[in-house]
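Below, subunit A partners subunit B and then partners subunit C, in two separate complexes.
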Partner chain A sequence: MSSLLSVRDLTVVIGAGRPVDGVSFDIAPGETFALLGESGCGKSMTALGLMRLLPAAARIAGGAVSLDGRDLLALAEAEMRTVRGAGLGMIFQEPATSLNPVMTVGRQIGEALALRGGGGRARALELLAAVGIPDPARRLDEYPFQMSGGMKQRVMIAMALAGEPALLIADEPTTALDVTIQAQVLDLLKGLQRERGMAMLLITHDLGVVARMADRVGVMYAGQLVEVASRERFFAAPAHPYSRRLFAALPDAARRGGRLTTIPGSVPRLDAGFTGCRFAERCGEAMAVCRREAPPWREAGGQRMRCHLDIGGGAPLAPAVPAAAPAAEVEAAAALLEIDDLAVHFPIRRGFLKRAVGQVRAVDGISLRLAPGRTLALVGESGCGKTTAGKAILRLVAPTGGQVRLAGATLDATTIAAARASVQMVFQDPFGSLNPRLRIGAIIAEGMESLGIPGDHGARIAELLGQVGLAADMAGRYPHEFSGGQRQRIAIARALAVAPKLLVLDEPTSALDVSVQAQILNLLADLQKGLGLAYLFITHNIAVVDYLADEVAVMYLGRIVERGSAEQVLRKPHHPYTQALLAAVPRLDGRAGEQLLVPGDPPSPANPPAGCHFHPRCPRASETCRAAYPQAAEAAPGHEVRCWHAGP
Partner chain B sequence: MTDMLAFKPVLLWSDALFFALLAVCAGGLWWARRQDHLRQAWLRVAASRSGMASAAVLAAFVLVALLDSLHYRPRLPDAKADAGQRAAYAVEVLSVLDLALRPLKANTEKTYSAPLATHLFAKETLEGGRDFPRLRHGGVHLRDDLARHESDVVGTALRGAALGLAAWCVFLLAAAGLRRRHPAVAWDAILAALLGLCLLAGPAAALAQGYHVLGTDKVGQDVLYLSLKSIRTGILIGTLTTLIMLPAAVLLGILAGYVGGWVDDLIQYLYTTLNSIPGVLLIAAAVLMMQVVIDTHPDWFATSAERADARLLALCAILGVTSWTGLCRLLRGETLKLREMEYVQAAQAFGVSRLAIMLRHILPNVMHIVLIAIVMDFSGLVLAEAVLSYVGIGVDPSTVSFGTMINTARMELAREPMVWWSLAAAFCFMFVLVLAANVFADVVRDAFDPRGSR
Partner chain C sequence: MLAYILRRLLYAIPILVGVNLITFALFFVVNTPDDMARMQLGVKRVTPEAIEKWKAERGYDKPLVWNGAAEGLGKATETIFFKKSVRMFAFDFGRADDGRDIAREIATRMGPSLAVALPTFVLGLFATVSFALLLVYFRATYLDFAGVVLCVAMMSISGLFYIIGGQWLVSKIWHLVPISGYAPGLDAAKFVILPVIVSIVAGIGSSARWYRTIFLEESGRDYVRTARAKGLSERAVLFGHVLRNALIPILTGVVVVIPTLFMGSLLIEAFFGIPGLGSYTIDAINAQDFAVVRAMVFIGSCLYIVGLLLTDISYTWVDPRVRLG
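And then the complex of A and B:
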């Protein structure tokens, strides 16, 4: 197999650290090679090293990179510029910041084209059409802010294609996008690749994306490749202990009620001198030799890994505890949380007098029930109003309509103060949710002090830290000393400090790596069992929902389109949107499965479509759908769907 | 007679504020030592070479200003030694710096003389026709042996440099001792800056015994003396102005950003309006009004120094009123960002009061901006004083400042040959002060910028 790109022993140094340490791989023409790894493992640094676009502090310390036989590291910067674009194209994670906000899309594509001899507007139009942007002639003269995230990412892809690169480097191309949009973009990339015979280096942390896209997979850990295999081999039998644990840490329905396998600890600091295997500290199968000697490459059947164990030689991981027989539905219990017709409308103000000219219906009449000790998952794409709904329950944003009752008592502006101890919230971003200027102890004590909870706060803080799996003496430290997972534990301890009955969890794991996510999910399960907490779990991650939710409510554009037990909604979805959402989740078995693509972007809640909000994107839409919003109908006892054409 | 001191201490308002400011700074540093993140940031400043070199230069300036702020009134020599009579004190208020520089202050010439000169700058009609008259004090020790002038200057300068080196060796020994306890501090940079200062101050001090090192001005005052006296004015304006505007800027900025609504509208209108009034006009009007008030109430002030001091403080207040808007706007923006942070929302979910959130969560997280603004504004204000005094609406004419020095020297630039030393001296002193402040501000900003911290 002749290779298009060949990387040998690439090493990048930043100060004393080596974010990329001796990475070697080949990519054949037309092939997709996926670099898989958690944050900080050096996968993005590898890509930037290939492009020679490293940040100022970093430099390439050794190795060789050749593209089509040309040694890229030996080229002068001026020559390298001709390679970028024509030889190597790159698309980045965040479409919102990768485009210049003050230039029209057409000019930005034109800029990329001008470097390759032009082609002008006609060629730009052609490119926009190729990346599936509807009405490209109009879009060409628009600015990035007029486009949705998915569309911006398509424009980025069009710009990368302008140079007709032989190899496209895609750095987490869909991480910032919703699942339905992610499915569209992945499909587009796959189609373009097939058409143009382009090779692709796909950088991602998402096993699902790898399963859908890659021909071969390289797993990175702490700056090194630890396993390289074909996709089929890798998903059938991951060999390296780290890879196997990554799979075991993924939540899904099969592990319901059981514990997820976690990888203890966190990725080691890269400026630490390594003697043995870098994974030894966190590996359950580490032997004495692992700490002493760097492991050799082992190879079997085209699968290579860097480990002292033989391929297939590792001890099998403890299988997930099979789900305990689902407890008989506890319908009898009185609902802890009842939401009726909750609405949050934000006025759109215009003009000098700031008169309201319209309304953003962020949350538009949702009703939910949650029993004590149960988990209700509120699922939806970004912008559907799920976070606003969560905040409205705590009155962090003032609801404009409807009612929230907690244990029978109505929550309103006057009663919320008394109820603050009963309902608390855990936020998404563990880095933004802790005040960097306060010690951990003060952060956790804040709620107890504010609500005037009596007792020995110091002892309570120590107890809480123990409960979330941290040491009591960490109370004196500052947040910056903790990793993302530890910070999320602290945020959970802060919410638990006032002994709430209900926790609103707003995407608590979406900013975390898979292995850390598993730790947090296990912790949440333990706390629920031990303290009888009820969770309102707001998320877009279907796999997590499948793992822990008792009931599921699917939200689209401010309204709940389907709700019922997890079994009902996730196994027998009746609403076409739910079905599309489930189908868009990349599957781990590596088979393509039947694809149900939802076209287009979610509409704006300021100007929702008439009739059923979903009809412009719905394959089943009919005249009725355009005319009126469907009423809730019961598909089965406790399973409510709002669709004119509901059906499996 | 035992209760009669040889002097009577005088505490001017500006002295009191300056001492209070220094005390607050010292207290703040002591407090910062125990705050982990502040300690880390200041250690980054201490480890920076340019930061420590500029800090050493600034410290020298502050020392001069401090000496110039210890005021007193000397006792007049008793005309009649009447035991029962109360001692009389001079109306002139002196400072410790005046005491140290007494020869410079007292030895005035008739008019302009060039640096290190022995004769006046202009010819006068003398007994033997028109000639340059000898100075009353500059180079009198040479008597008629004027051929010795150059060698005497060089010799004295070298002796002074040797003395300066000796003084530097004392610092060297002290630094060697301190280095063992605080190895992270950039001692070499401090020592290099001190070496430069010693090598300048030593010869200047030695030469000042017999000459006017930087010449004399129109009324024969020593320019070196005037330059040293100007330092206090510059530093006071740079620091007290910030002190006056800080509470308003911080309070209003955070209120506007956090509370929002009509409070935000009101504060925004306020600073937009203030910002649209031409600053110099506003200051001119205020200074003139104040001048009238001071002139109509001569009984408020015991000495002319108190009068000049009142005018200096009033100038600080006016500059403060016109300069808080920038910081206020910055803080409003930062607060708008911070109030959406999840830790603020978490506090809201606990029902923490608005005031507590502003104090606990917002204020500590904008303090780095405040600190950076203080240090950055300092140099701007020193320059602003010079400009205002030049225009004639700055400090009291009897207060020595860089601005008044430049103002009196400007006409002489047109003279042929040119009288350049007044302007050059003011320029050099102000340049070094502002440059040191700017370099220090840059280092502080880098150290406190959360994005730069590792």
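And then the complex of A and C:
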């Protein structure tokens, strides 16, 4: 097999560190090669190195890259520019920031076309149509901010296609997108690739995306490739201890109630100067030789790995605990949290006198029940109002309607201050949500002080840090000295400091890597068991929901469309939106099969469609759906669906 | 947009009232009407009668802000503040203490001020942006480093040094242009050229360094990487992508000064003997001529408010995301 792109011993250095250290791989024409790994392992640096678009501090220190026999590293910068776009196209992770905000989409595509002799507006129109943008003639003259995230990513793809590249580098192309939009974009990429015979280097941290898209997989760790295999081989039997742990750390229904395998510690610093295997410190199977000598490549049946073990060797990881029998329904227990018709409407003000001309119905009448010690997952895509709902419960935004009761007592503006000892929130971004100028101890103590909780705060801080798996002497440090996972532990300790009964967890793991996510999920499970906490878990990640939720409520455009036990909602969904959401999650078995694609983007909550909000995207929509919003109906005891055509 | 402009113009009214009050208070904390009369009449002819006469002729014989002796509304209107400062809202500036009409004076002095300020602004902006872009084009090279060092050195030197140094070198040693003065019409060129160059040189250090920072920050953004990934040349990236986006923060500082160009520059006009509004203001302050000072402060505030409004409007031209409402 002749290769289109051949990379040999590519090394990138930043100061004393080597984010890419001797990486070699080949990509054949039309093939998709996936680089898989956690953040900081060098995947993006490898891609930018191929494009020779490294940040100013980084440089290529060695190796060879050839595209179609041309040595890219030897080219002059002017020649390299002709390779960018035409030979190697690239799309980036953040469609929101990767397009020029003050230039129309048509001009940005036109710029790429002009470099290859033009084609002008007609060609740009063709490209926009090819990436599935509805009404392309109008969109051509729009600016990126007028488009949704999914649409911006389609524009990025159109722009990359303008140069008709032989190889498309896609750097986490769907990480910033919602799961239904991700499914659309992955589908599009796959179709375009088939049509044009384009090869693809897919960079991702998501095993599901790899399973769906890749022909071959390379796993990166600490700047090196540690395993290369065909997709089939890789998913049937991952060989490297790191690869195997990545799989074991994934939450899913099969591991419900059990513990996830975690990878202790974190990715090592790249300026460490390695002698042995880079994974040895975190590997459960490390031997003396692992710390002494860098492991050799081993090969068996087309699968290669860099390890002292034999392929197929190594102890099997602890098997998943089989699904526990569903606990007896404790519906009878008095609910800890009762939410009735909670609404948050933001006024839209316009005109000379700033009169409210409309409402953004971020949360539009939701009702929920949560019993003590249980977990309720509030699931939905971005913009559906789930985070606003969480904040409204704690009155971090003022609700405009409805009622929240905690253990029978109504939470309103006067009672909320006292109630903050019973309900606390953990936020999504552990980097933004801890005050960088305060020491950890002060961050944790602050809540206890403001609520006037008596006792020895110093001892309590030490106890809390122990509870979340940190050392007590870390209280004197500042947030920037911690990794993302450790910061989220600190955020949890801060929330626990006032001994709440309910934690509102707003996407607590979505900013974290899989192996770290597993640590946090295990921690949350332990705390629930030990302290009898109830969780309101706000997330878009279905796998996490499947792993830990007792009950699930699915939100769409400010309303709850389906709710019930996890078993009911995730196994026997009745609402077409829930069904589409579940089907859009990429599966590890790679069987895309009967993909149920929801077309289009979620509409704006300022101007929701008449009738059922979901009808413009719904395969079952009928006249009734266009006319009226469906009332809640019970599909089974405790399983509520709001759909005119509910059914499995 | 129209609604926005109207609302902003309404906001201007309380601001201008406040400006008037503060100018009034500051001026009369330092001076009394008696001081003003003495200043104007000179040392020799000062008698209590002369002072009273001078004050009565110019309306300074009334109480400052509250007339207890008057009837009804007169308590507020028969005062210096009402008679002198409130009239300015109708752009009626009255006469200076030497009897000249302030409005006419402003009209004739605007020309010389603009003759210096406008070229300084346009050429200065062009020079600063070009210099900053040059540094960014050669970023992380010795040229960039040398440029930044030069900027820091230039901004560390006082503006007075450039003025005096320029006059000494260009006029005294080289005899290229007159040291100071002004002539109307095309003859103005030889008087204006040195102040313009001196102003630009004095300002380029700090602005170029600031613009360079903005350009560098902008060129580190994701969309710039995307533009490079398309295969665009460095020039196309810099001019087509970075410059347009960097304009947004730059506009904040630039557009606001455009209307105030009419007011001229205090320092430059005083040193180069330009008969503009800047030197007019300085002279009025020295002569304690309240009528002129408050007129200039009032006009300056109006122009500044217009400048802020223009800044907001200019955002909508360069940034399609901005909608005024």
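Observations
Just so we're on the same page, the second predicted complex is superposed on the first by the 645 of 648 C-alpha atoms of A that agree within 3 Å, B and C clash if a C-alpha of one lies under 4 Å from a C-alpha of the other, contacts with A are read in each partner's own complex, and residues count from 1 in each chain.
Everything that follows uses one rule, which is that a residue touches a chain if its C-beta (ideal position, glycine included) is under 8 Å from a C-beta of that chain, and two chains touch if they have at least 3 such contacts.
Just so it is clear, the model here is predicted, and its values are computed rather than measured.
Contacts of A:92 after superposition: subunit C is touched, whereas subunit B is not reached.
Of the two partner chains, subunit C is the only one that A:84 touches; subunit B does not reach it.
In the superposition on chain A, contact is made by A:51 with subunit C only, not with subunit B.
Within the superposed three-chain model, A:565 lies out of touch with both subunit B and subunit C [touch as defined at top]. With both structures placed on the common chain, the touch criterion links A:159 to subunit C but leaves subunit B unconnected. When both complexes are aligned on chain A by C-alpha atoms, no subunit A residue touches subunit B in the first and subunit C in the second. Chain contact summary for the complex, subunit C toward subunit A: residues 3, 6-7, 139-140, 220-223, 225-233, 236, 240-241, 244-245, 248, 318-321, 325. For subunit A in complex with subunit C, the touching residues are 51, 53, 55-56, 78, 81-86, 89-90, 92, 94, 97-103, 111-112, 115, 143, 145, 156, 159-160, 162-163, 350-352. Residues of subunit A touching subunit B in their complex: 391, 394, 396, 416-417, 420, 424-425, 427-429, 432-438, 443, 446-447, 450-451, 478, 480, 491, 494-495, 498. By the touch rule above, subunit B contacts subunit A in their complex via residues 36-37, 341-343, 345-353, 356, 360-361, 364-365, 450.
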